[in-house]
Amino acid sequence: MITLKHVAQFINGTVIGDENLIVTGMTSCDLAKEGDITFAMDGKDLERVKSSKAGCVLTSTDVENYPKTILKVKDMKLAMTMMYNAMLELMPPEKGVVHATAVIGENVKLGNNVAVGAYAVIDKGSEIGDDAKIGPHCYIGKNVRIGKGTRLFAKVTVYDNTVIGNRGVIHAGVVIGADGFGFIPQGGKIYKVPQMGQVMIGDNVEIGANACIDRGTFANTIIGDNVKIDNLVQIAHNVKVERNVMIAALTGIAGSCTIGEGTLLGGMVGVSDHVSVGKNVKAGAKTGIHNDVEDNKIVFGYPSREASEARKLHGLLSLIIRNERKVKKLLREESLE
Amino acid sequence: MITLKHVAQFINGTVIGDENLIVTGMTSCDLAKEGDITFAMDGKDLERVKSSKAGCVLTSTDVENYPKTILKVKDMKLAMTMMYNAMLELMPPEKGVVHATAVIGENVKLGNNVAVGAYAVIDKGSEIGDDAKIGPHCYIGKNVRIGKGTRLFAKVTVYDNTVIGNRGVIHAGVVIGADGFGFIPQGGKIYKVPQMGQVMIGDNVEIGANACIDRGTFANTIIGDNVKIDNLVQIAHNVKVERNVMIAALTGIAGSCTIGEGTLLGGMVGVSDHVSVGKNVKAGAKTGIHNDVEDNKIVFGYPSREASEARKLHGLLSLIIRNERKVKKLLREESLE
Amino acid sequence: MITLKHVAQFINGTVIGDENLIVTGMTSCDLAKEGDITFAMDGKDLERVKSSKAGCVLTSTDVENYPKTILKVKDMKLAMTMMYNAMLELMPPEKGVVHATAVIGENVKLGNNVAVGAYAVIDKGSEIGDDAKIGPHCYIGKNVRIGKGTRLFAKVTVYDNTVIGNRGVIHAGVVIGADGFGFIPQGGKIYKVPQMGQVMIGDNVEIGANACIDRGTFANTIIGDNVKIDNLVQIAHNVKVERNVMIAALTGIAGSCTIGEGTLLGGMVGVSDHVSVGKNVKAGAKTGIHNDVEDNKIVFGYPSREASEARKLHGLLSLIIRNERKVKKLLREESLE
């Protein structure tokens, strides 16, 4: 049982009211129950919380004579993040139930307290770690390994022989381990290159809804620890994504690329095949990367340039547009238009 | 029972033949049954329809001595659209059947005539409105509200606490309410920001296959009435899409953006986070929007410019390419190349 | 039963060791069983294979006194591709089992040796060809035709009346036949254009995970023989993709386009609606095609240009950035900045 005092210590907050409150969770005002901490971004929120069932409200707003216990912090987003992560560790995991309709294949090993949702299918020889959750309608192929505490939401598909680490979060519709896109056109036919590698995913990896990670061709596709992947991202065969990389939505990484440790790729970024992106690189949204990028660079544009150059280019192009007539004159082509 | 006369009035068409025909539906030539209206875009189609089972053919082509009843209109696409929408309103809804394999949780409220497909799962406390259809393999989370007449095709995933309005159409593989992409890197770790808001979707919203709409972080993600979203679109946490917006395929809208009423986003458009796009804006395919856009603007390009400027720029760049040598000379760098 | 000798002939390889080995399959070193051929890209791999169970190792590396039978080839990737395709033809198909939980509708015709996975649903009137495989949680709509030997992985959704050819490969999460994105705004309302066409897919087509192909509006969407489509690709209504086209991940083809025979579209390419892309065109990754493209062109950029022009432009823009001050002087706007 966790008390409010305990939570307050974790997030460096001050309790105004009952610090012995037993905390059962954190949630939004409308959904809060008696033991829940809710949050108020401003005075308007604080008014709404008054009539909620929440036992305590987290806020950075000054308030006097408030009818509920207050947990006062400086930075709301940081406080809620730390509180959320603390609760994940402190709270006992929900009791794992295997739904009566789940199909569990031969030689499947379920760890302690594993939850398996309705109509989920786990195929032969797979192993699911303690406290893991397999959502409804998930399909786990043969000889898959899923680590401890990893949570798969509904309709995740994991192809045969995939390995997923501990404490991962995998959202609905994700497909891991489908065949890479490899074909050899020859003599008027197009032959499929066999895709025989695996996908190896580290610990603490989050993967957004409907994202895809293909299996390797002959070697493996590798996703390092702490990698965070947003919705609808495509990671092709043989890619290596190093630890602590964050990849925003609709980004595509083509075959055999390496993305270095700590790199951030914005949304809709494209990385061409066999490209090596260094460590701690930042690529702005929609950047098209066709060549290797050195460590610590900030890049933008299509084709990508260093961000400072891309900004300079944007200004120069605006200048050229404003001076259309002059440009045409300089190039002595005005009469052509 | 609807007669052809009735349908003709709705679409401002002229019947040549039996206007008392009882209409059962509208469909393509190959699939038409006796009471169905089919369509012919040209004389070739009219030939094919002759040997079909359709009771009536909609056409804008002039024709004499035709063996079937004709429903003559001026604009085929408009006529078919109006006819389709009229039939949706006029025809009695198909009888809703709850498949024997559907898993319906505790305290779920199903309205009148609700259909639930095979292996669909509706979790605790959710409410489904009258005449709604939940397709096979759908997963509806806890405390979800789905409005009247809304149709979910197969394999839609709706996370807990989502609200969806009336008469919506949601295609296969859509994921609504997954966690937004929010993380705080600190001290070598990457902390997940809790995603505690909901997704609130208005009436008459259509969402294309495999599209994703994330739940809000602390507030809600909001999709207004009549919004139409194409396949594989990503809408991030805290986004507000106002009414009558249309968003084409593979477009991504990053966190906390607002898209104003009546705006059209072409395919593969990207909108960076916290950007406000005005009302009645038109963004061409593949536009990359990094800054706020005023009402009524037409924008294009990456980074986006007003369309007239983008066109001017394209012409100027073509001019520069054609005059490569002259440009190099002007900049006195010819020897460098 | 296939011997190693037989396989060696197919791929033009040399056996060093027991050419009468009965071959059961090909797989990676870790997963190989006694009758399997595995592969070694280099000396390090050859060491690892020594302690595997594989009966034979395919390699292009020179080796002496090796403890296992060797199948020596010149080009590993080509050899493995040819071997894989030969085995697909030579090996007897796995025995097709219809899982007890599969829901098979009225008047469904299953060919010989069809496999249907757990919780798959096949609706009324559909026909599945001999040796086809329908994965777990697939939904096959009404009156669908799926050809011989076609394999659908988990969670594929096929809408009513779709036709899919022989020997196709369709990965998890693919949606075929959802409504195209067609709406008519009129009088403050937005009317849905009925989508009444079908999707017609040829033989030997591969479709990547979570890709979407929409049904036609009044005519059909058509995918030719041997077309290869990568993950998360969007193909809109009424598109015609001719034979031997390859389309990389996250590419979007808008409504009513034609993509000519043998054309290659890189990843994240966008093609605007009603555009005709010729035969044997190559479009680089992220190209935005807004106008028709002639046969045999190589295009790149957004908006797209011939690749040679796009390269020239890139060089010129770099030159302009390097000579920022000179450009400003030439346009006499320096003081403005």
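As written, the chain order gives the labels A, B and C, with residue 1 at the start of each chain.
Going forward, contacts are C-beta pairs under 8 Å (C-beta built on N, C-alpha and C of every residue); 3 or more make two chains touch, one makes a residue touch a chain.
The structure displayed is predicted, hence computed values, not measured ones.
K.L.:
Tell me the shape of the graph of touching chains, choosing from line, ring, star, complete and other.
P.N.:
complete
K.L.:
Specify, for the interface formed by the sequence copies subunit A and subunit B, whether it is same or different in terms of residue numbers shared by both sides, with half as the dividing line.
P.N.:
Copies use mostly different positions to touch.
K.L.:
Averaging only over C-alpha atoms, locate the centres of subunit A and subunit B and give their separation in whole Å.
P.N.:
25
K.L.:
What are the residues of subunit C that contact at least two other chains?
P.N.:
Within subunit C, residues 119, 137, 155, 173, 210, 232, 250, 268, 302, 320, 327, 330 contact more than one other chain.
K.L.:
For the complex, give me every residue of subunit C touching subunit B.
P.N.:
Those in contact with subunit B are residues 103, 119, 121, 137, 139, 143, 155, 157, 159, 161, 173, 175, 178-179, 181, 183-185, 189-194, 196-198, 210, 212, 214, 217-219, 232, 234, 236, 250, 252, 254, 268, 270, 272, 288, 290, 302-303, 305, 309, 312-313, 315-316, 319-320, 322-323, 326-327, 330.
K.L.:
If you look only at subunit A, which of its residues touch subunit B in the complex?
P.N.:
So the residues of subunit A touching subunit B come out as 26-28, 31, 39, 41, 76-78, 80-85, 101, 117-119, 135-137, 153-155, 169, 171-173, 204, 206, 208-210, 226, 228, 230-232, 244, 246, 248-250, 266-268, 285-286, 301-302, 314, 317, 320-321, 324, 327-328, 330-333, 336-337.
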